[in-house]
Structure formats: structure tokens, C-alpha cells
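Following are the structures in question.
The following pair of complexes shares a single chain, chain A, combined with chain B in the former and chain C in the latter.
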Partner chain A sequence: MTVRPAALPPIPFTGIRPRLRRRESVLIALVAIALVAGDISLSATHEIAAGGPPTLGIADPGGLAIYLAVLLGVHLAQVLAGRRTDQVLLPAVGMLGGIGLLLMERLPQDLVTQTIGGRTFGLAEIQLAWLVLALVIIGTLAIVVRSDSWLRLYKYTWAVAGIGLLILTVLFGVEVNGVRLSLRLGPITGQPSELLKVILVVFLAGYLSENRSLLIEQDTRIGPLRLPPLPYLAPMLAMWAVALLVVIVQQDLGAALLFFLVFLLLVYIATGRRSTLVIGLLLFVVGGLLLYATIAHVRTRVDIWLDPFSDPAGAGYQVIQALHAFARGGLVGTGLGAGLPVVSGRLPIPEIQTDFPFAALGEELGLAGILAILGLYLVVIERGLRIAAAAADDFRALLAAGLSLVVGVQAFIIAAGNLKLIPLTGITLPFISYGGSSLLANALVVGLLLAISDRGVESPPPPRPARRSPRRLFGRPGRGSSGGAAAGRAP
Partner chain B sequence: MDPTLISLWILRILFLVLIYLFLFAVARVLIRDLRSASRERSVELGRLIVVASPSAEPAVGSVFSLDAVTTIGRDVNNAIVVDDQFASAAHCELTFRGRAWFIEDLASTNGTLWNGQPVTGTIPLGYGDEIQLGGTRFRLERGRSR
Partner chain C sequence: MTAVGRGTARRPISANVAQVGAALVVAFGVIAAGAGYWQLVRSADLSSSPDDPAVIAAARDTPRGLIEDRHGTVLASNKKDADGEPYRVYKDKSMSPVIGYASRYYGTAGLERAYNAQLSGIARSDPLAEALRKFQATPYDPQNLTLSISLPLQKAALAGLGSDRGAVVMLDPRTGQVLALASNPTFDASAIADPATAQEAWTAVNADPAQPLLPRATLGTYVPGSVLKIVTAMGGLDSGALTAATKFPQQPAAEKNGLVVSGFTIKDGHHPFTDGTVLDLPDATEVSCNIYYALAGLKEGGGALDSMARRLGFYAPLPFDLPTATSQLTNGGGPLPGGFLDDVELANAAYGQGETLVTPLQMALVASTVANGGLLMKPQLVTAISGRSGTTTIASQSMGQVLSAADDAVVKQAMMQAVEGKYGRLFTTGAAVPGIPTAGKSGTAQLGGTGEPHSWFIGFAPVDHPQIAIAVLVEHGGRGGSRASPLAGQLMKLFFDTEATS
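Now for the complex of A and B:
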């Protein structure tokens, strides 16, 4: 069954015909109801903790109202624009962002403060501002982007810009907790590696779609292994090595792992060769052992993961507290606001708002809650892969697959790190963690996915001729001009 | 038990139930989508879109739905007729084998270009690739479900 586009009269003077989005409106209503229920339970918990009788109020009615209003506004803007974009992504992302907002309202507000114009804003207020900006970006991209040639044609420019951004961070970055990851621009600090993951996907999608046939067609044989042709893999490996090197210099293991996994998955999707996965995993094992042997930072991380209880008050503190949090949560959790007592003025889990929101949600919503959250990420991945399967050409297909995988893989890396399944790496939980650069980069991803999902988008520009110079069959390599007349004779 | 604590507990469970209700609603949409996709699949193997054409036939922007074997040339017996003075009577052939498209030049006088390169032998095509015969250029796109 397909949705018939609901016929609405066109808007005068613009000629745009609005199109109702029933599924999206129903899903957004469900999101609103769930978030209001969550907020009521949060405020009741706060009031009982304060000693008073609970009233059925909302903890932060203003903040939640603004968030839901903007979510509805993005939905209505898409209805008015009348494009046939995906109707599930926005509600799913809205749910994740809303759960993140509830968590930030529940944490102590003085974890992060920023003073602008004499007024001090707390954690939840800053997060709300970023969320609103992220939703606006999603809506704008979904409505405005009609052509992908600005991504397709300038892929090398984007790659150079991304690497330049990383080098700038290494040279002029601000050190936070001994790691240089942030770049300061006036009052705003950002993490360029979040933006870089989007740029990496755009570059890989462009490169692989242009050279896909060549990658499938030819082989380099080493013993029993069939490898893709080396000359065509070289620029890609170089891009990967540069990104990886800079990231290792920055000691950002999470981003390095994310880049590598997304790179492998995209090459596999583009070529369909299992050998790339095998070789990639071998490279990963070798690289991991090398890093473990040479870099102290990596060794500490792995040692903490293997045995956090050897130093429970120091290095292993964060991880042990997260495990305790999951244990306290049990099946259905302690309830929003009821977990994590502040111990002697400090939180049990340091950096909970950026690196450990999954553990906090595991405590307060329990196993049921975190399974639902993982389910929401699966929904985002499923939609992305469906958009890829329906895309008209290979560039859009690879771009959609890569964008959804980058969000999904990031979510599963940090969730597994919180659960002590893999060594902890300091990356954010998409849409839930506190932080502007993470929210904005992921909004960019969702906005682009929505734009690609519209079947009515402008057709792509002609592909550039391949770099190796073709034997000229025609007199001049013309674009449909009568240049062929000079050399060719009419049959 | 304190009734306020019980109602608070119920409220907390309600929040979880509502999140699952949302997931359930999403799952229903996804399953419906998958069903409709599997019912409507393989209506179209691929489509050719005319990007440039020196003559009026075919017109720029027209779309050809492709069969598993599609021949292109100047002769009227071709599936796609190209009224281009530099195209041969039987110029080239697109075939869908397994899961991908391939192009083969049928010994035409002026040759066929694939993304600017001459076609020799049988070449696998990707969606979004361009082919050119004479001055006429086509772009291959994935077929639509309806």
C-alpha cells in the first residue's frame, strides 16, 4: 500500500502544492505524548525528593513546549513545501532528541554553564538551544536541497577542507582534559571531527560511485586473495591514512574507529567484495596491536577495559560507576530523576552528559528503556538503507547508506563502550548527548537523508570523464556538438 | 504501600510504554513499506534519460523504460531509435544480467562512449553513468517501483 499524495490547493503566487504527511503527524503526536508523560514523571520525582506532595505538573513546561513546537513547525514546513520526503526519520530523531532533553533537565544544571549578556544559562537551556538549531537545519535542508551537484562535483574540495579543519585543530586547538579536540571561534567551541565524519562520507560516496565499475571489474591477485585494483584504491587509502593519522595525533580513538568502520562498510557496499571486509579486519587487528604497543593512551584505555577494578578510585572509576548504574537500573529502571544520587557534591560518573548518557538512561529507564533507544537507532539505519535502495543513482545510494551508517555505528560504538563490551572511546551518543557540534553534525546527516529521499529531486549533472585519457573516437570530445563530424563519417 | 508512590511508579512505566507504542507505530509503517515494495518490485529494470540530443528525436528529457535487452540505433527496429546522423543503424546494446546493467558496442562506425571513454567489449554500468552515441547522450537510472 502506498500513500496517495493528499491533494491540497496550491499556494497562490508560488505554485507550490502542499502535501499532507499523515504518518509523520501521527508519529509526532505520539512523540509529544510520550515526552509529556516522561516530563510529568520527572517533575513528580523531583517534588517527592524535595519532601512535598507531588503535583501533576511538568518539570520545565517552557523548554518542552518550545522543543515540541519547533518539531511541529518543521513538520508543517515540510507539509507546506509539498515534497515527498521520508516521514519516519523526523519523528524518530525527535524522540531521541526529546529523551536527551529530558535527561539534561534531570542532571544538575550547573554541569555546564554559559553566560551571555549577563544571564547564565544552564545545561538544559543550552541543549535546548542547540536542539532547536538542529531541527531548523534538518527542516531547511529537507526543503531547500534539490540538487546534490554541490556535493558530487566538489568532493575533493570537501575532502581538502575537512583535512584542513583537522590540521587547524591540531595547531590551534583548545586543550580540554589534556586532549586537543576543540576549535574555538569567538565564544563558541566546536569539535571538527564531528563535521569530518559527514565530509568523509560525502567524499567516499563520490569517489566510489565514480569508480565503481572499475573497482568491480578488475582484480589484483595476491596469492589466493582477490583485491580491488590498487591504483584505484590508492587515493582512498591515502585519505583514510591521513584522517586516521591526524586523529591518532589528536588521540581521538572513537573518531578513528568510526571512520575506519564506515570506510570499510562503504567499500563493501559499493563493491560487494567480502575480501575487503576480511582485509579490513586484518588491518584493524594489526593496527590495534601496533597502537597498543606504542601509544600509552591506547594502552590505558584497553587496560581499563580489561580490568577496571584494579584501580577503582582512579582510572577505572568512570567505567565501574557506569556498570553500577546499569545494575541499579534493572529491568524497568528507577524512573527519571530517581537514579544517580549526587555523592558529596559530585556526580558518580564524570562527563555523564557527553560520554555516558547511555549509562544514565540505563539506570533510570532500565533495560527496557535502553533497548527502546537502540531500537530507535535501528529505525534510523533502516530508513537510511531504504532511501539508499530507492535512490535513482549510485552516488545518492552510497551517500544515503553512508550517512545512516555513520549515525548507527557511532551510537553502537559508544553504547558498547558504556556497557564495557569494547574499550571506552570518547564519542557522543547521536541526538542524545550534550554538545552543539555533535547535534549539528547529526542534523546535517538527517537533513541530507531527507533531501535524498525525495524522488522528485533534480537529476544529477553529467559525470566527469574518467581521469585516464580516453582514446579519441570522435574528432573532439564534444558534448553532443557536431564535433563528431570532423572525424567520423556518417554511416 | 503509599498511593502516591504507586501512582508515580505507574507514571514511570507509562513513559516506557509510550516509547514502545511509538516504536510499534514506526514498525507498522516500516512493515507496510516493505510489503508494498515487495509487491511492486521489478516493474522497471532501469530507465534511460536523454541528456543531450542534437536532433528532435529523441527529445531532451524524455525517459525510456528499459527491457532486459534494449538495442539503440538509427534503424526503426531498435527499441530506442536515435535520429542522429553519427549513429549506426544498430549502434549499441544494453543488457540486464543478474543484478547489473552491461553495455556492448555493436561494431558501430563511430563508437560508443561510456562516461567519456570508448566502449570496448562488454562494460558493466552503474546507475548514474552516461553513454553517448554520436551527439546523443543518455543517463542510466534505477527503475522506479511504479
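Now for the complex of A and C:
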């Protein structure tokens, strides 16, 4: 007992054996130190701005304490539950969420307010509530999910639900900033496209894993190109087209780009066929040109991207102001709370809390901070892809890879948009941007990744022979799954 | 080739995952490179641009640096409005064309614009200090400017212009330091800077047909008339086409009957004084003989005239603390050397008519060059910049030896005769400073039409070791000798009475 710390006494009434998570505890301690240091720096900046000498205070001790306590709670819950999930994801995501919380504490609190029961909550308080909920979801999924059949078996149901959600948004959505992206449920508005990205990955993972061998081994030849068999691609393309169409109708370019890139990369991961990438990129170019020619909204975005300085006070304002913010930051930044100069009571960048947190952090934390944040995203991606590579079967591998891609590609799209590397689209910076939908959807991603990473979960079902209509109608009989280590590794 | 069992098909998912992971690492590397571009390469120019909100906010929160004249008189300082935000207050209206204004609503002009980064304190002198600025208590370091201007001279120049539009430039020919740079009419820069009166003052000053916002000394271009003859003389002497003894035998007859150049007749009206004398260069300068200078210009040719003008600073903005208009001899495009259309235009340009257009500052530099033995000094307004990190003194700079000292002595002699000579003083009434040998040249710029000509004078004193050079322009002031010359003499006298040190 005293010699082996891992073998704590079992909790008698459940039979669950607690298991220490040393690496995670050390990393969470580092995260706590970094965030407390950040909050002290923020407090000092406030005091200097107020004209006094800085003291060793914490700007928002209550909020930070709650956040760190919940982060620690999720860690301890996994310890008690004895799960053997990944130990790096939670601290990395916790750090990103904490940076977001510090940023929301630093921004003017009246940017977003919500009154519930006579009490008005400000930006940081709302973000903290969503972060706590997100951490609880991560912990719950990591501990509770022991089987993936609810995802694996009902992929079409999920797809239909997702599309239904989008159609509901189009029909009954609430307009925010002139775009109908949100659904209102009581006091809460949400953006279904955030949830849809998770559903898309679940569906694609299910479909691709089931038909993987056929997609790899059969060809449709068009000239020199060898493509996967068309009948097997059709449902997928349809899914993609429907999602894309609805998103375009909603003018949510960021989500459309995210869906398309994740779709393309996931098909490549499943099949390893470069031709799919080539075709996909051609489709992308053709589609992009068509959209540019036909949709004014797209044309505006691209024109602003090409030359924001042609209309610096109008259309190009946001983009130029973001570039100025990066420039003001320089190598080490202005310091948290010391940047983002306010002129006439206005922050330099409109919609900073959702669309431009990357530029805000670029100014206040400098290039050094930007590199650290990019590094954190790479850690999340690396852990996710590692989980994918080590997964027990194709479905879990594709699911884990897809979920990691959702985070990585989304972070890339908005960061590159902020830096004028690609046209700006209004999607969120995962874990950092203000917003409940985004935080909860990304919590689902992390929670599922943690669940998949656990070797202790229920082993996947044995590969099934071919079934369902497409093969009977168009294909020859399947030859069974050929990929992945199908054997379960249950203890 | 069969469709089954190719190599790629057998690759496990993990290999494809690794490839996609590598692609994402590259993609994030591109983002890092993009951040590096904007945060390091473009950092300085974007974050110090006048459009940057930090610059605007700094201007709102931080009082700008002070501007002082050469005697330490504060010309631009700050007050605070009801909200505690600073705004600019200016000492004297005569300085407005030089200092300009810094307004919360209407931006900046003049030195306030040219030195905005230094005055507002966002200038980045040292990259390391810049990187560590976040660790300093006060991030901005507004710098004070010291000008070479003398406020008493500047005020006297403006007062001397009175109700006439015009400009006065006075500078030290040895250093290029500008002591007066007056433009009339002027405006109340304090009223534009004061948030309480800004809108009203701005509207009024823009609606004024006299264009008070135009700094005439630097951005006004005028037909020079006879003051340009000095450039013609310099060009001819430098190219060897002219000497002090050069005479044109046909000149006396042409004065009576007109000089026919390519069918165009040039007339001049001073023959009663000289009565048939064949003039040399100093004598022709003394009586401002258009016929002589037309012939001189034709003899030296457009190339020599153009070359001298360019060395003096024509055809380009002058290297100066304020923006300047370019001066010219011709609109250009002609087949003759120097771009003149024909000999008629060249002959007219040689005595300052035709398509010649100059700024008062440019003509002051011509006088300054002659005064300084042919060595042109760069004109200079700001002599020192001082802030928390210390004081930087800005040394005077040469723009090159434009004319040899020997040739320059000939021009000096000619210009002295034009002020001190028996006939010359009739053309330059009142320009001579009592007790101090004075040199100069008046000009009467014919504008066509019925309006009064522009009245010009350029000159310097004392002739032997000049301490002050001057250019005076009075729009529609009549003959050079009647309006500009006496004002120049009066201002130079004031200089020797109150400013001269040696």
C-alpha cells in the first residue's frame, strides 16, 4: 500500500480504483501558476492606469479561483474514477480557456451583458459560467463514456438531427448583426453550426470507417485520375453539399470553410488517396470563384482581404485595426491590460471578444505570447492525432482525428484571418473566444477525445460484413475491414 | 493495373494521420511567420502611423512636447479641457504657417505634422528601449523642439507685410538656420486646436478666400521677375559663358528699339539712366537690364541655366523640415537644353518671366548661396530635439559648393552695386542697412492683365562676411523697389540691432 502510490484502496461501494495522474497534476499546477501570474499582471496594469503604484494583487480572485477549482475538480474526478485518459489535453485546454478568461476580465465588462433574475452579469462572468459548464462536460464525458456505440450506430440519425438543427435556425433563427446564425431557447441563444461540426465529424467517422476498404480499393477512372467509387462517395458529398448550402444561405463562410477542410482531410486520412485532395482543392477553387462571382457578401470579404487599405474607415476598418494591434504588440507585447487603446470610449477593434481575441492577445502578449498560444493549439492537435493513431479501430481513429482537426483547422482559419493571411471569417478561436456555443461544442470535442484515449473503455464491436443499400445496389460484396488494430485491448 | 492491393491502400490510418499532422504544423508555422511579419517587420511603421489608435489616444492623454524659438520663448504649449484632456495653445499667430496646428478633430499640419511622432512621444529612437517600453511607468516620451526662428523677427516680418499677402524668409547663410519664415495672411492656430472653438475656426479659415492655411513662404509659387537674374548670372559665370566684363554691343540699341528674338520683341524701359552705355555684368545688374540678361541667357544656353537652377534646389522639393513646393524655370518638354521651348522662352526666363515660378524659400536660398561664397547650406528650422533620454542637436549641413568663390565674388559685387550703387539704390529704395554694406536684387514680376506686379527683394548683409540673407515677396505689391526693398532693409536692420552676435 505505502510502496505503490498508484494502488490506492478501492472505493468499496463502486469497485472503482482511483489512479493518480501525476503528469496532469503537475501540468495543471503550471497552468494555475501562469494564470495567477497573468491576473497579478492585469491587476498591476489596472493600478498603474489608475495612477497608483502596483501592488501584488489579483484582478479577479473570485473568478480565477472558481475556474482553477473546477479545473482541479475535473482532474480529481478522473483520479477518483481511475480513468486512464490522456493527461496533457485537459491542462492544455485549461490554459487556453484560462487565457480567454483573463482576456474577458481585461475587456470592458459591458461588451456583453445578460440579466438573469434581476442581476446583470458582465462579459467575464458569463464566460466563466460557460467555461465551468464546458469543464464539467469534458469531465463528465471523459468519465462516463465507456462505449461508443451511441455514436457509431446512429450516425445517420445524428446527421439528420444536425441538418434539422440548421434548418430550424434558418426558419426560426434570431438575427444577430444581420446574420441569422442563432437559435434562441429561453434566455440563451446558441449557434447550431458549432454543434454541427461535431455531428459532421461523428457522421464522417462512422461512414468512412464502415466503407473504408471499398473506398480504398475500388476505382472510378476519369482520364488519368483514379477516384474512389462514386456510389460510396455520393452520400458523403450529399452531406457535405447540404451542410455547405445551408451554411452559405446563412452566410457563415467560416463554418463552410471549416466543414469543407475537415471533410477533405478526413477523407484523405481514411483513404490515403491524394486524388481526393486534388479533386477537393479543384472543387474548392471552382466553388470559391463561383461564390465570388455570385454572392456579394463573399466578394466583399475577399476584396477587403486583398486591399483593406482601400477603405480604411469603412469595410477594411476591422482588418486594418487588427493589423495595427499586432504591430503595437511587437515582440513582447504591451502587457495584459495595457494595450487596446480606447479612443472616444471605443475599443480599437469591433467584435473583439468573438472574432479578434487573437489580435487582442497579439497586442498585449506580443509575438512571444502568440507563439505560445499557437504552441498550445499544436499540443492539443498532437494529443488528438496521437489518440487517433493509437485508437482501437478505424471508427475511433477517424473520430479522434476528425475532432482534433475541427479544433486545429478552426484555430487556423480565424488566426490566419486575423493576420490577413486569408479572408476574414467570423468564426471563433477555440477555447479562447467569448461565447457559449463555441465553448460547449469544443468541450464535446475534448471530452470525446479523452474518452477515446482511455484504453479501459469497452472494446469496439467486431468488424461487420457489408450491409446497407449502397453496396447491394452498386458495389460488389465487401471484403470486410482491412484497417486498424481491430482487436480490443480491454483489460 | 488492377484496382486492388496497391501500396497506398495498405497504409494504416496512423500514417495518414501523421501526414495531416505535419501539414497542420506547417500551417501553424505560416501563421507564426505572418505574426512575425506584422509584429516585427511592420511593427514600427504601423504603430507609429497617425492613424493608429494608440497614437491618437496618446495625443489625447499625453501633453505634446513644447516648441521654443531660438531665445527659449515657448511657442506651443498645452492646456487641459474640462475632461482633463490636453489641447494645444500657440503663442503667436505669426508662427502658424510654420508650426501649423495639432487638433483633436482636424489632425495636424506644419511642424506639428512633420514632427508628430517626436512631439507626441511615440517616436522609436532605439529598438531595445522600444521593446522594453512596457516595463516603464510612462510609456510615452514627448520631445521638445527648439527652432532657429526668432519670434521678434517673425512678428516684425508679419507686421511689415501689413495687410498685403506675401512672405518673408530670413536665414543665416553660414548655417542655413531660418530666423523668420513669415506668411501673410495667417490664422489663429490656437482656435483650431481648442476643442471649444475648433469647428467654428476651422470652417472660417477654410472659407477665407485669402487662403490663410497656405504657407506662402514654402508652398506658394510666384513669378520671380528680376530676382531670377542672379541665377542667370551664376549659371553664366559657372559655365564660363559670362565674366564680370562680358558686354553685348547690340544692347544699347536694343534698349531703344527692343531686342528681336525669333521674331518676338523684348523691351526694357531704363535707358534714360544709362543712355547708350554698353553695360558689363555688374552694371547691368545694378540697373536691372532685361536686354542684357536676355542676351546673357541666350549666350549661356538653357543647359547651363538649368544646371545651376537644379544645383540651387529647383525642380525638387527642398530638403527641409516642412513640405515645400518645387520651383521651376520652364514647364519643360521643349527641345532646347533645360526643356525650354525656344529662344524666346529662354530669353524671358533669363530675367525671370516666361514660365518661371519660384517659392520665396528657394529665392532666399539663392541669396544665401551668394552670401556664403557659393556654398549652399541646407535650410533648417529645428535645431534641437530634447526629451527624457537627452537632447539631440541637429547640425547644419551643406548642400554643396554651387559656384566657385571667385565667380561668387562677381555676383556679390553686382548685388552690392544693385543696392549701394548710384543707379541701383533707385531700384532698391531703403534696402541698404545704414552703416552696413548691403547686397541685393529687387524684382518686379509682371503677371499680365491689369493687376499690380509682385514685388520681390532678395539680399544679404554685410557684404564681406554676411550674417543674414533675406527674401521678401509681396503679392501685387508693385515695383520691387517700392514695397519689398524697404521692408527687407527694415528687417535686416532689426536683425543687426537685436539679433546679430558678431
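Operating definition for what follows: the second predicted complex is superposed on the first by the 456 of 491 C-alpha atoms of A that agree within 3 Å, B and C clash if a C-alpha of one lies under 4 Å from a C-alpha of the other, contacts with A are read in each partner's own complex, and residues count from 1 in each chain.
Quick note on the criterion: a residue touches a chain if its C-beta (ideal position, glycine included) is under 8 Å from a C-beta of that chain, and two chains touch if they have at least 3 such contacts.
Model, not experiment: these values are computed from the prediction.
J.: Considering only touches as defined above, state whether A:372 meets chain B (first), chain C (second), both or neither.
T.: After superposing on A, A:372 lies in contact with chain B but is clear of chain C.
J.: Does chain B (first) or chain C (second) touch A:332, or do both, or does neither?
T.: Both partners.
J.: Check whether A:154 is in contact with chain B, with chain C, with both or with neither, and answer first, second, both or neither.
T.: neither
J.: Which holds for A:37: it touches chain B only (first), chain C only (second), both, or neither?
T.: first
J.: Which holds for A:392: it touches chain B only (first), chain C only (second), both, or neither?
T.: A:392: touches chain B, not chain C.
J.: Applying the touch criterion given at the start, work out whether A:292 contacts chain B, chain C, both or neither, answering first, second, both or neither.
T.: neither
J.: Report for A:324: first if it touches chain B alone, second if chain C alone, otherwise both or neither.
T.: It touches chain C, and chain B stays clear.
J.: Which partner chains sit in contact with A:401 here, chain B, chain C, both or neither? Use first/second/both/neither.
T.: Second partner only, chain C.
J.: Scan A:382 for contacts with chain B and chain C and give back first, second, both or neither.
T.: Once the two structures are laid over each other on A, A:382 reaches both partners.
J.: Per the overlay, which chain contacts more chain A residues, chain B or chain C?
T.: Touching more of chain A: B.
J.: Looking at chain A, which of its residues have contacts with both chain B and chain C?
T.: Dual-contact residues (chain A): 48, 216-217, 332-333, 335, 338, 366, 382, 390, 394, 397, 482, 484.
J.: Within the complex, which stretch of chain A touches chain B?
T.: It comes out as residues 1-2, 23, 26-27, 30-31, 33-34, 37-38, 40-41, 44-45, 48, 53-54, 87-88, 91-92, 95, 99, 209, 212-213, 216-217, 332-333, 335-336, 338, 365-366, 368-369, 372, 375-376, 379, 382, 386, 390-397, 455, 459-460, 462-466, 468, 470-471, 473-474, 477-482, 484-485, 488-491.
J.: Going by the contact rule at the top, pick out the chain B residues touching chain A in the complex.
T.: The touching residues are 4-5, 8-9, 11-16, 18-23, 25-26, 29-30, 32-33, 35-36, 40, 49, 51-54, 74, 85-89, 108-111, 113, 115-118, 123-130, 132, 134-137, 139, 141-142, 144-146.
J.: Which residues of chain C touch chain A once you look at their complex with the stated criterion?
T.: 3-6, 8-21, 23-25, 27-28, 30-32, 34-36, 38-40, 42-47, 49, 51-54, 56-58, 60, 130-132, 134, 137, 139
J.: Which residues, counting only chain A, touch chain C once they are in their complex?
T.: Counting only chain A, the residues touching chain C are 48, 216-219, 226, 265, 268-270, 272-273, 312, 321, 323-324, 326-335, 338, 341-343, 348, 362, 366-367, 370-371, 374, 377-378, 381-382, 385, 388-390, 394, 397-398, 401, 405, 408-409, 412, 415-416, 419-421, 482-484.
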